[in-house]
Each structure stands twice: as C-alpha cells, then as structure tokens.
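Consider the two complexes below, in which subunit A is the common component and subunit B and subunit C are the respective partners.
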Partner chain A sequence: MNFSIKPRSFRLSACLTSLAVALTFATSSVSSQELKIGLSSSPAAVDPHFFNNDAISALCSHIYEPLIAIDAEGKLLPTLAVSWRAVNDTTWEFKLRKGVKFHDGSDFTAEDVVFSLDRPATIQNSPSSYTTYTKAIAGKKIVDPLTIQLTTAAPAPLLPNDLTRIFIVSRKAAENATTDDFNQGKVEAGSGPFKLVKFSKGENLQLSRFDAYWGNKPAWSSVTLKFLPNDPARMAALLSSDVQLIENVQANLVSQFKANKDLTVFEKMSNRYMFLYTDHRDTSPFVTDKAGKPLDRNPLKDVRVREAISKLIDRTVLTERVLDKLGVPNANPAPPGMFGHNPNLKPDVLDVAGAKKLLADAGYPDGFGITIFGPNDRFINDEQVLQAIGQMLTRGGIATKVQTQPMASYIPKASKKELGFGLLGWGVGGGEPSSPLRGVLATTDKDKGLGTSNWSSYSSAQYDSTLIEALRTVDDKKREKLFQEAAEIAIKKDFAIIPLYNQVATWASRKGVRYLPRPDEATLAQFAHPE
Partner chain B sequence: MLVFLLRRLMQSGVVLLVMSLLVFVGVYAIGNPVELLINPEADQADIERTMAALGLDKPLWMQYLIFLRQALAGDFGTSFVHGTSAMQLILHRMPATLELAVAALLIAVVLGIPLGLWAGLRPDSPSARAIMGLSILGFSLPTFWVGLMLIMLFSVQLGWLPSNGRGASTEILGFPASFLTWDGLQHILMPALNLALFKISLVIRLTRAGTQEALLQDYVRFARAKGLRSARIVGVHVLKNILIPIVTVIGLEFGSLIAFAVVTESVFAWPGMGKLLIESINLLDRPVVVAYLLTVVSLFVMINLVVDILYSLLDPRIRLQAQAG
Partner chain C sequence: MKQLLDAFSSSRTERLALIILLLLILCALAAPLISPQNPYDLAQLNIMDGRLPPGSVASAIGIEEGAPRGLHRYWLGSDDQGRDMFSAILYGLRISLTVGVSSTLLALAFGLTLGLLAGYFGGRLDTLIMRVADIQLSFPAILIALVLLAVLGQGVGKIVTALFAVQWAYYARTTRSAALVERRKEYIEAARLLGLSTPRILFRHLLPNCLPPLIVVAALQVAAAISLEATLSFLGIGLPITEPSLGLLIANGFQYLLVGMYWISFFPGIALLLLIVSINLVADRLRDVLNPRLQKQ
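Our next item is the complex of A and B:
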C-alpha cells in the first residue's frame, strides 16, 4: 500500500458530541493507482444473476457488462451491443461488439448472450429473480456470431431497457458455475473494466484493472470497495483517509463537508421519485373524524380531498429546509431529461386557502383525522419529512398523526394495504418511467402483471388503456407521448398519488479524486478519476 | 459428573427448542421477507414464485416442522438473502467475533485486575480514587459513543489507527486470525478497547471489593504475623481467594461480549457475526437470525459449563451438583 496518512496539524473542535464537527487538516498523498471506496450497503453476492438488487447490480457493474448500459445521464448506452433495431413488432435484432474479451481470455459471441439470458431462470433460490426481465423472451436466434434476434410473444418495445439489467457472462467460464463459485471468484466470466480479486462478504470487494478491456481503461490499477453501512463509520473512514470516496453522505454533514477544503462533495438529482400513496377504497383503516372516531366514508376517495392534500404540502420547505437541499420538487415519474418526461406535469405549490375551499366543497369544511405512515431508516431524513408533512396537513385542518417504523416492518404492512396513507420512494431505472406507471398506478391485475405496488388501490379505465397501449407501442415517439398522457391522467387529473420530490444523491471524496455522479445512485470505480 | 453433564445437555436442548420457536414466530409476525427483498419491478407472479422457492408459501407450523426436521439432520436452513447455508454464514464470521471478544477479555483482565488490586490495597489514595472514578465512566458511557470518540481522536485527528475493518489475516488451524500481523493488531486495538471498556470497569470493581474483604480475613492477618512479604500475601493469598467471583463473572461476561459485540462491530465495521445479525434482521432473513441465536445460546451454555468446571478446580470445597446430591 503506497497510500499514507501524514497528519501535520489538527485542532480539537470545541464540541465533542458529533464526529461531524471534527475537521482534519490531514494531508494525504493519493496514489492514482489505488482507490478505496466506502459503500453504504453490504451486498450479499457478486453473482450477476442471483439477486435482482440495486446494490448488487452496482457492485457487479465493475466486473460484468450488459448489452446496453445506462450512462451518467440516464440514457441508453451501447455497450456489448453496438446497435439494435426492431425487425417487426415482436422481434428485436442486436448487433454485438467485435473484439470483446472476457476475463478468462475467451471471445464474446452471441452464444454468451443466449447463455446469460437463460441463466437467471436456472437459479432456484433467488430472493428476487432476474427473470422479471427475461421472461418476455420467447425465442433466441443466433444469426451470426455477432448478431442475435430475440422474439417475444407480445410486442415488447421495452426489451432494450429490460436488457440493461441483464449482465452478460462468458458461457465457457460460467457454464456449470454456482452462485458460490461466483462469490469465491472461481469463475472469470466478466468482460467489465475490473477483474474480481476477492469478495469478502460483509467486509469488502477487491478488484484489479482488466488490461484487455475493450473500452476506456479505468485510471485505477486496484480498487477496494468497503462495505460500511453504518453512517458514522463511513464518514469517519473518509475523514481519516481510510477511503478516498464515499457514497450517501450523512444528510446533516453535507454542508460541513462542502466547507472542508480537503473534501469535495458531488451531487446529482436521483431517479428516486418520492410520493404519498392515498387510499381510494370505500373505507380506510386510519381515517377518523376530528374526535378520533373511525369514519365509515373514506374522504380520500374524493379527488378534491387528494388535491387539497397536495396543495397543503409546501415542497419548497421540504426540499430546502427539511432535506437541507437534498431534494428537488418534482411531480413527474420521469424526471427532466428522461424518456417520457411530461413538461405539463408540475409540482403543486402551497395554496392553503385553495385547499380549504376544496375540503369544504368535498363536505369536510372542518377537515378530518388521518395517520400517515412511513419508514425511518430508508430515505434521506424520511422521519423528519413525514413529521413536516403531518404539520402541514394539520395546519390545513386535516389532523394528522405520524407513525414511522423500520423499512423491514413497514413494507410488509404497507403492501398488504393495512396502512392506507404513506410515503414511498421509487427508483425509476432502465431509462424510462414504465416501472412506476405499471407497478404503482395501474389497476392491480395479477395475470397482466400490473399494479403490484398499487397501494393506493387506484383504478382508472382511461389510465389503464393508455398505459397498456403504450406498453405495446414500438414506435418511440408514440410511446413517449402515451407515457406522458398516462402520467397526466393519474397524477394531474386524478391525484392517484401525491408527488413530492426527487432525492439528491451525494458522494464525497478526498482531494485528488473526482466522481462523475449518476442519477441511478450507483457508485462505480470506473466513474472516479484522479484529479 | 456424567449425570451433571447429561442433565445440562437436556436443559440446553429445551432452551434451544423454545428459543427457535420464539424467533420463528417473532420474525414471521413482522411480515413477509419477500415483499422486502424482491425488486419493486417484479410482478405478483414473480412474488409468488419466489415465496414458493423460499418455502414461505407454506403455513407457519409447517415451515417450523420442516425447520426442525432439517435441524435434527444438522441443516439449519438456507439464508433467504445469501442463498447459502445460514450456519455456514455464521461460522464463517465467527472467528472475527471470537477474536474481538478474546482480545477485549484479555484487555479487561490485564488492565482490570491490577488496577482493582491497587485500588483495593490503597483505597484512600488519590490514584485509587482516580481509578474508581474512571471505572464509573466506563460503566456509564454508551459503547457506540465511546467508539465514535475513539475513532475521532485516533483515526481522524491523530491518524494513528485505521478507523474501520479487520486487518490482514493469517491462517491458524484453518481459521483466519488477524492478531499475528502488525496491520491486524492496529485494526483490532480500538474495537477491542471499546468493547472491553465496560468489562474493565466491572473487573476493577469486583477485584477492589474482593481485595478489601480479603484483607480483613484471619488468614491474611496470620500471614502478616508470620512475617511474609506483602507481595506474597497479595499475589498468592489474596489474589487466589478473590479469583472465584471474578472467574464466574468473566466467564459469563465472555458470552455477553460475543452476543453484544453487535454495536462495536457496527461502529468499527468489524466483519463479525453481530454485523451479520443486524443486516439479517433488517432484511428479515429468518434462517440467519435463528442460526445466530442458536449459536449464541449454545456458546452461553458451553461457557457456563466451563465456568462450573473451573470453579471446582479453583475451590476444592465446591463440588459439582450431581456428586453433592
């Protein structure tokens, strides 16, 4: 290790209550060859097809590549496929990149693509299978070693987006490999910019540069990704130069880190779309009158009440104060710049008088009582955000109780629709907004695979038909327009959910390391550069 | 002795059974882990397929019976999150936790007994008062706070010690150990001290109280009258007699060191069982939680047994139950 810590001077800060207050003036010589990164997760595997999980995908993105990747702006980026086109409504053709070598030295061909698309279905005990993205594929035809055609039973315009999630592995290296073999580094099946050196569960992942990489070679010859889910531990690791880059800066430390001349903070509006689901059923379990007696009629069923709730929320206060600028008011599942973004869909502004009038029109001039639910360990300042929203609604006459709990107990209850009204965030991945439009807003229909997370119990025939039309429209322009229309129906017209803001993702580095921040919140060593 | 051991074994079996049932029901009551683990983009059919694959579609009693049947065959279930044997995951992390706990215990004994003796022998001296004052701090300061302060001072301000993780390890008898390398020692020093802090205070207080009591005993007076050197009186006669309660407490506390290393492991990102437990609870990974608790309970049972046996060796008057009865 040629990375040293040489403190020259230090000052003891007056306040010892928080690590935060400690600023060091340690000078450190950052070697441009070796990079250590502190991650906020502790991924369970580096098998790219075992567990469909954002943290694992980010980890695997160092070693493996998909046919099509998502670039730092959230757009599709030709990777192992150089181009793709729809031959007809149910057939996609992909031209593959020439001259790509896997870590084991074998050449990349269409055989490897077929193998990688088949592999997710062979993994038996996956906690979240990648077959979500591969099950639409009915046929795979190798036209020549560098051309492959994929056919689907129904039109699948989103197949290229879905394929951004599937990493390609070398068939030769991975043919009989188990998840354990991948975790222990026994297979060299990737084509990515780094090779796996050692994966120590709960501790770190060590990587080395793959010198035969086809693309831009990373600046680091070796990289260690340390798993530091405990926030203070991760902050301390950066302050003490044990790592040179961390993700997810503790929210209350962002401004102090910005003021520290040894550190640089990087920010990017994330794709994580934060909203409140509302209850559209006839009765709702936690809705009461002002005295606390359960109501037999659910006020949230009335669109005027939902609009009133939206108008009572001051999103500027939430993002500027409660989130300390780590949020951007946004009403659109597709944030600005993403495919399907609808410029007509703007976040509501605070309008207490208008909200009170809407409540009176709906028959609740004195308001009512409600409980808002949410996690306290998942999103940036989630508990404080919920407390603030509770106060804003109470100010408008809706007496609001706030109940927060760990994600582990919140999600199972919320998904059984036992709660009615609460906070949820949705990472809109794949470069387009169909996942929240399908999962959160469509009428729940098991056979069509729609509305799995529709905790609002929202159901609109007009919305559903627009969305389903979009999901089978191969023409990009037409599909984008249909997505925009669908979002407008559900969010602007029906207030099916109450959009709040998008989180701002943060990274911090020691001097000498720059990071190119990404809207998908992933922390990738190939996006870090020496200054 | 044999009857004593058998009875102990049976009692432990009952404890393990009851505990596994409690954890099973408890984690089940929180909710369905698949809702938490599965990617939000998965649809209802995917969720149902996953539940069936993990065996979560069956009623709770059947899941428990399946667990019992497999446990009797030595298989404590497969982690939902990792897809590998839960017990293997625990055993893989155990050496790191044991290493940390042993280091903490050593620090507690090496610092605690001499300081306690000193405070007991000269109860009114300023140094003794200082020791006792510090021991109160050791008792009352929360572990996570002290850990953060240690990191702030020694890693952030002074840059002497690494702030997190375990150092380079070498294999001993097939287990990875980090205390044989300089890098490993640097890494373990702060977390071990942090974990030991409470125990140091405990040992100081026990030793001091024991010493003061022993000094008043007839055999000490007699030894003095005999003209023995005070080093011999303290080192042999006093120390030997006060060791019994200390050994008991240290033995029991060793179990709690392992079980409660959770906080220290989180603050220092020490890759032990405790960190695994926290991660597993957050993801409702029931097999790992059950396997962890079974392991820790078994450790407690074993430690208690060892303490009982040590007891009878240290004090010939004490006989193990079965022989007495």
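Our next item is the complex of A and C:
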C-alpha cells in the first residue's frame, strides 16, 4: 500500500512544544557540515523490509539502496544495478554495480540481492508486507557475482518498477539480525550515502556520512532527521533555526514563508492522487433519504448520481482556496508527464444545473442524504477539503454530513468497507500508474493482490481484462495504451472513483540550504545541498 | 431561595458572575433566534466568505439562487469554511452546556444512588462499590474519556457517555461519606423503627440530608465537564467537525494563529473562559452558602 500512516499528534502537547521551541533560543547556525531536518511523520522502524510505508521508506533511503531508484522526475535510475534487460517474456537479467561497499566493509554481490529479495517473506507481523513486490519472483539465478537473473511465472514487465521498492542489505551483516537489531543500529547492512548513528523512536534519526560511498558523497557530515508531526511545532522549529529544512509547509503559511527573506520555499506537483471512493454495493451504510431514513436502494450505484457528485465539486475552489494553491485539479492516476498519462481524462468542471438534471434523471430530483468520511491528520488541509465538499454537495441537494478522524482509526474502518463514501490519496510510485489501477480500481481478489484498496467495491469485467492484459504486455507502447484505456473505462465512463486533484508537495529551508523537490514527497538529505 | 439571592447580592464579583452565566445560558437557549446563520447547515455556509476578519460584510458572490440567506456582517469574523464565528459560538455554547449539564446530571443520579447504597448498607457492597470507584479515580479522567471515545466514535450522545463514565465516582464517594455520617443519626433510627421501606428511608430521609455537599460538587463538575469536553474536541476526537463545540472551534483556528488570523480561536476561547469562570464563581459562592459552618461566622 502506498499510503502511509502517521500518528495523530496532539495539538495540546504540540502547543507546548512549539512554545518550548520558540523559547529555546536557537544556538545552531547553518554550517555546511551539519544538517537538521524536520519531518512531518514519526516512523516506528528503520528496518528496510519490515513495513511497506512511505515514511519508513524515506528514512531507509538514506541508509539503504535498491537495485533501481526513482529520480527526482519520477523516472527509473540505475543504482545498485547498472543495467537490466528482459531475456525473454518471463526472465529479467540485472548487471550489478562493481566496487560497491556496504557499511560493514563487505563487498556487494549477487548473493546480497538474493538474500534481500528473500528477507521480506521471513518478517513476522509486518503491518503491510514488502512481499507485494517480491511475490512474482519465482526463481533467482546467480550467473556470476555481478549478474543475476530473475524469473517469474507469468510475464512481469513491471518487475524493474517493483524492485525500486526493495532495499538491498548486506547478507553478511543482516543474516541473523532481527527488526530490533536494525532499529537499534546493531547491523551495518546498508550501502547508502549515510550510516545510521542512532534511531530514537518518536524523536529523531541521527546519521553520519559514509565515506566509502560509491556515488556522489553528500555535502553533510552529519544529519539529524527530527520527527515533528505537529504542523505549528515544525514551522516554529524552522523559524527558530532549530532545523534548516522542513517538509510539508503548513498550507496557509506558504505565502508568508515565500515573503520571508531568510527562508526559501520549494514546490513540486506531487504524484499523490486525491479522489473520493463511492460505494457501488446494493446498500450503503451511510446513504439515507433527506430525513435520515435508510433507503432501500443505494443511489451511488447509479452512474448518473456519481457523475452528478463529480459535477457538483468545484475543484478550482478546492485547490486555489481551501488548499491555498497547494493542489492541481487532476483526473489522471498518471499525472501529466508520467508513463500512462491519458490526455482525454480531464477533471470535471462545476456544473450545478447539469448535476441536478442527472440527479432528477436518476430518480432523485430532491437529492438524498449522505455522510462523507476522511482523515484529519494525513493530507494537506484534509478536514477543510472534506467540509468544503460537504458544502458543495449540500448546495446541489445532496444533504451531506462530514465525519473526520485520525488516519489511524479511519483506515481500518474504511478498508472493512464500513464507510462507503470518503477521501483517499494514493502516492503513484514507481514511475507508472499500475499501483492505483491494481489497488483501487480492480475487482478485489486478495490472492492475486488486486483491488486491495477498492473501497468503492467497483467491479467491471471490461476494466479488469484491459488491466490484466496491460500488466502482461512487455511492449512499452502497447502497455501504455492499455493503461490509458483502463483508466478511461473506470474513471471517465464508470465514475468508479471521483478524481479531485494532485497535491503540491512543499519544503522550506533556511537561507544557505537548497532542496531538490521530488514528486514522491520524500525528504532525503542527499537531495539537500549547501548554497 | 431568598437566602441564596442575598448571598449573591452581597458580593460584587459573584453577582457579576451570576449575571454573565445567566446571559450565556440565555444566549445558548435563544441561539437559533439571534444568530445570523445556522452554522450546522452546510448550505448556509459560503466558502468564498472564509477567513474574513471581524466586521466584514458577507458577500453575495458564489451563492446559487434559492439559497436562504440574507446579507449580514461577520461581527466576530468567519472561519476557513465561511462559518460566522458569532453564530458558531452561540451554537457551540449550546453544545458545551448541554453536554456539561446532561453528563453531570446522569453521573449525579448514578453516583448518588451507588453512594447511598454503599453508605447505608456498608459491608461487602460498600467495599465493592468503593473499590470500583477507586480504580476509576486512579486513572486520569482524560485518559478514560480518550479510550472510550476511540471505541465509541463521534457524537453528542457518545461524548456525554464518556463524561458520565468519568464523573460518577466523585458523586459516589461524596454521597457515601455523607451517608455514613447521617445513617447513625437518630432520625434514621426512628424511620427504621417505624418500619419504613428501605427505598423510602434512602431517598426520602437519607438523601435530602446528604444533598448540600453534592450540589456544590455537581456545580463545580459542570465546569469540569465542559472543559473536559472542550479538551477532547480540541484533540479532534469529541464531536463531528460540522457541529462545532467551543473546543472544536478553538482547535479549528489553532493553525491560523501563526498566520495572524487570531479571531478563529480567540473569540471561542473567550466564550469558554467566561463560561467556566462564571460557573466556578457561582459554585464557589453556593458552597459558602450551603456550608453551615461558614454561615455561622
């Protein structure tokens, strides 16, 4: 799963924290050797194979490297593998980089790749397992110490994209290590630009430069990533020079920060795709008539009703006003420029009259009642966005109640399909749109890993067959066309989900620090440079 | 009653507190009549009017035909959704008072009954009830409420339940100690000899003599319940966001404090402060009046 969960931070305690931060007169000045970063998440582990979660991945990206990485433009970047090619439909061959050393001094070879691909399956109690990306691999053949062949049962053209999610660890260092050993920094199993010094859960992660790194060595000799999930506390930390770089600037402060001469703001349209899922089942728990009585059929099942909802939402107001410009209306799981982007898919524009006509045609001239759900601590201004959508739907005749809760309690309920209608964001990683197409829109089939987050309960044979064909097509051009077709069926024709916008990710630094913004929203010290 | 009025007229601070409290209650009762906007009706909010400073005039732009709203001023400004802060505070007061008073009454009724039973019968029943109360009191109130709300979900009824669960033990304890003293007195002895039924002795004879300390505790607890509700809402787990109580309004404006939009948090904060301080002052005075020892001096 590509959404990450950050713990609810209590505003009260944060209030005190920000006060404390403001009172501790900053003693640190920007030195080119030391970097302190304020993160908006507070990850619970730094074991690279324990929990498939964006925030943990970002932390681990300092210490560990995959065979293939994603660059700042979202494209595949040779990392521990220098090149790869499809030998035949079911076999991929990877040439590994020569002369790479792990932090413990051992050399990187194909043995380590085999060990790292096997390790996710040995992890017990993973909240979300990395086996999603390794499951397809049926055989691993070491050709020579720097060449490995991976075979799959069915054609897997996306295997290189999946491998961007798997970090490679040193077999020698990690063979008998547990997740606790990783968290306590007992194993030096990484090959990344930084070595782990100390991980203090809920506080910070301390790193030091790895001087034997094979690539460009980072400018910082030591880096501290501070976990500051509370927005005002993180802002105050930057303003008081307690940290030199922060991620996720509080939306309403962006313009103020831009005007501040001591600060620089960096922005990038994120590939986090925000949408509403809609319940396609016969009955839905929170859909009622206007008086609040249950209905015997679910209006959301009618595609005209879903289209009407889409037409009632003014995406310009959402992005310009509610998000303070930190959003771009978008209907495509693959944003412009990404492989699989479909130019025919355009975000709906506000059309109240059209929506009312569609509702009347569907048999609901007076509308109905609904509750919209969503998190209040995960996405940019999520609570405000949900309330604004509530306003817009209510104006159009659909009496809407809004219920928000911390992400940690929202996700379990939504994934059990207890809610029916709500907001979700999906980070479209790997440089192509297959993860949302598989996870959100395909008919749910747990064994095949399809529809794992299909909270709409959408099921279309036409869509499924197009998608499955795409996932097996090795030819890039043909596959891209099939991805475009599939997205058009589900979103433009069936309104399986109601697309809203893509977030704009932000970073802010103090003078003297530059950051290269990334569409995957990750904050990585190696992408920060002294000015 | 006259004695009560006298007590309040003798002190200027407490008279003022009583007047403010009565005014706040009146405002809360009359909220639908005097507020320019119904903040719970999403159709009446206009997002284009969001974050306006106090005194701004409501715009007519962006309102579709037929939307029932006249032009008005946002005397205390508006929040990010275009909610009129003045209306929101009036409605918020309503929720805060309802939650505070109803949870206190429920807890009072329950705690009082258990306390009377424990004090009157003693023995194992007493031990059982008091140990349960002890366990309950050994956890911080906010913790119990947090856990309960995490399980129950959001809503006025649910927050009342949570506050009730947190409060009843105070009343049980207070009632028990009063009942322990009273049950040894001769009038109870007499009632027993007359062959009166136990419920009658408990509620007609024992209860009225245990009441004065309870009234004081209850009055103070209303304020405590209101502030606990505000805290829970501030933490984002009490009430749904579209039905803001005072605590939720303060939380809503929290992120705008750094931007300089003080009014979203500030005015609800003042309202909450006035409400709690005035209840506390009135309860304090009530304690002095009902305490016979202080009266004699």
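Here is the rule we go by: the second predicted complex is superposed on the first by the 502 of 531 C-alpha atoms of A that agree within 3 Å, B and C clash if a C-alpha of one lies under 4 Å from a C-alpha of the other, contacts with A are read in each partner's own complex, and residues count from 1 in each chain.
Convention: a contact is a pair of C-beta atoms (placed from the backbone, for glycine too) under 8 Å apart; a residue touches a chain by one contact, two chains touch by 3 or more.
Given the structure is predicted, the values throughout are model-derived calculations rather than measurements.
Superposition of the two structures on subunit A leaves subunit B and subunit C fitting side by side, clash-free.
In the superposed pair of complexes, A:121 makes contact with neither subunit B nor subunit C. Between subunit B and subunit C, the partner in contact with more residues of subunit A is B.
By the document's definition of touching, of the two partners only subunit C reaches A:384; subunit B does not. In the superposed pair of complexes, A:406 makes contact with subunit B and with subunit C alike. In the superposition on chain A, A:241 contacts subunit B only, with no contact to subunit C. In the superposition on chain A, A:69 makes contact with neither subunit B nor subunit C.
In the superposition on chain A, A:350 contacts neither subunit B nor subunit C. After overlaying the two complexes on the shared chain, residue contacts for A:82 are found with neither subunit B nor subunit C.
Of the two partner chains placed around the shared chain by superposition, subunit C is the only one that A:252 touches, whereas subunit B remains out of contact. Of the two partner chains placed by superposition, only subunit C is touched by A:317; subunit B is not. Put simply, the three-chain overlay gives an angle of 40° at subunit A, taking C-alpha centres for subunit B and subunit C and rounding to the nearest 10. When the two structures are aligned on their common chain, the gap between the nearest CA atoms of subunit B and subunit C comes to 5 Å. Common to the subunit B and subunit C contact sets on subunit A are residues 10, 12, 232, 236, 377, 406, 409. By the touch criterion given at the top, residues 41-43, 45-48, 50, 64, 67, 80-82, 150, 154, 231, 234-237, 240-242, 251, 254-259 of subunit C touch subunit A in their complex.
The residues of subunit A lying in touch with subunit B in their complex are 5-7, 10, 12, 16, 19, 22, 24, 26, 42, 44-45, 50-53, 124-129, 131-132, 179-180, 200-204, 226-230, 232-233, 236-237, 239-242, 377, 406-409, 411-413, 415-416, 426-427, 429, 435, 439, 444, 446, 449-450, 452-453. Every residue of subunit B that touches subunit A in the complex is listed here, in rising order: 30-47, 49-50, 53-54, 78-84, 89, 92-93, 148-149, 151-152, 155-159, 162-166, 266-269, 271, 275-276, 279, 281-284. Taken together, the subunit A residues at the contact with subunit C in this complex read 8, 10-12, 15, 231-232, 235-236, 250, 252-253, 256, 317, 321-322, 352, 376-377, 383-384, 386-388, 390-391, 394-395, 400-406, 409.
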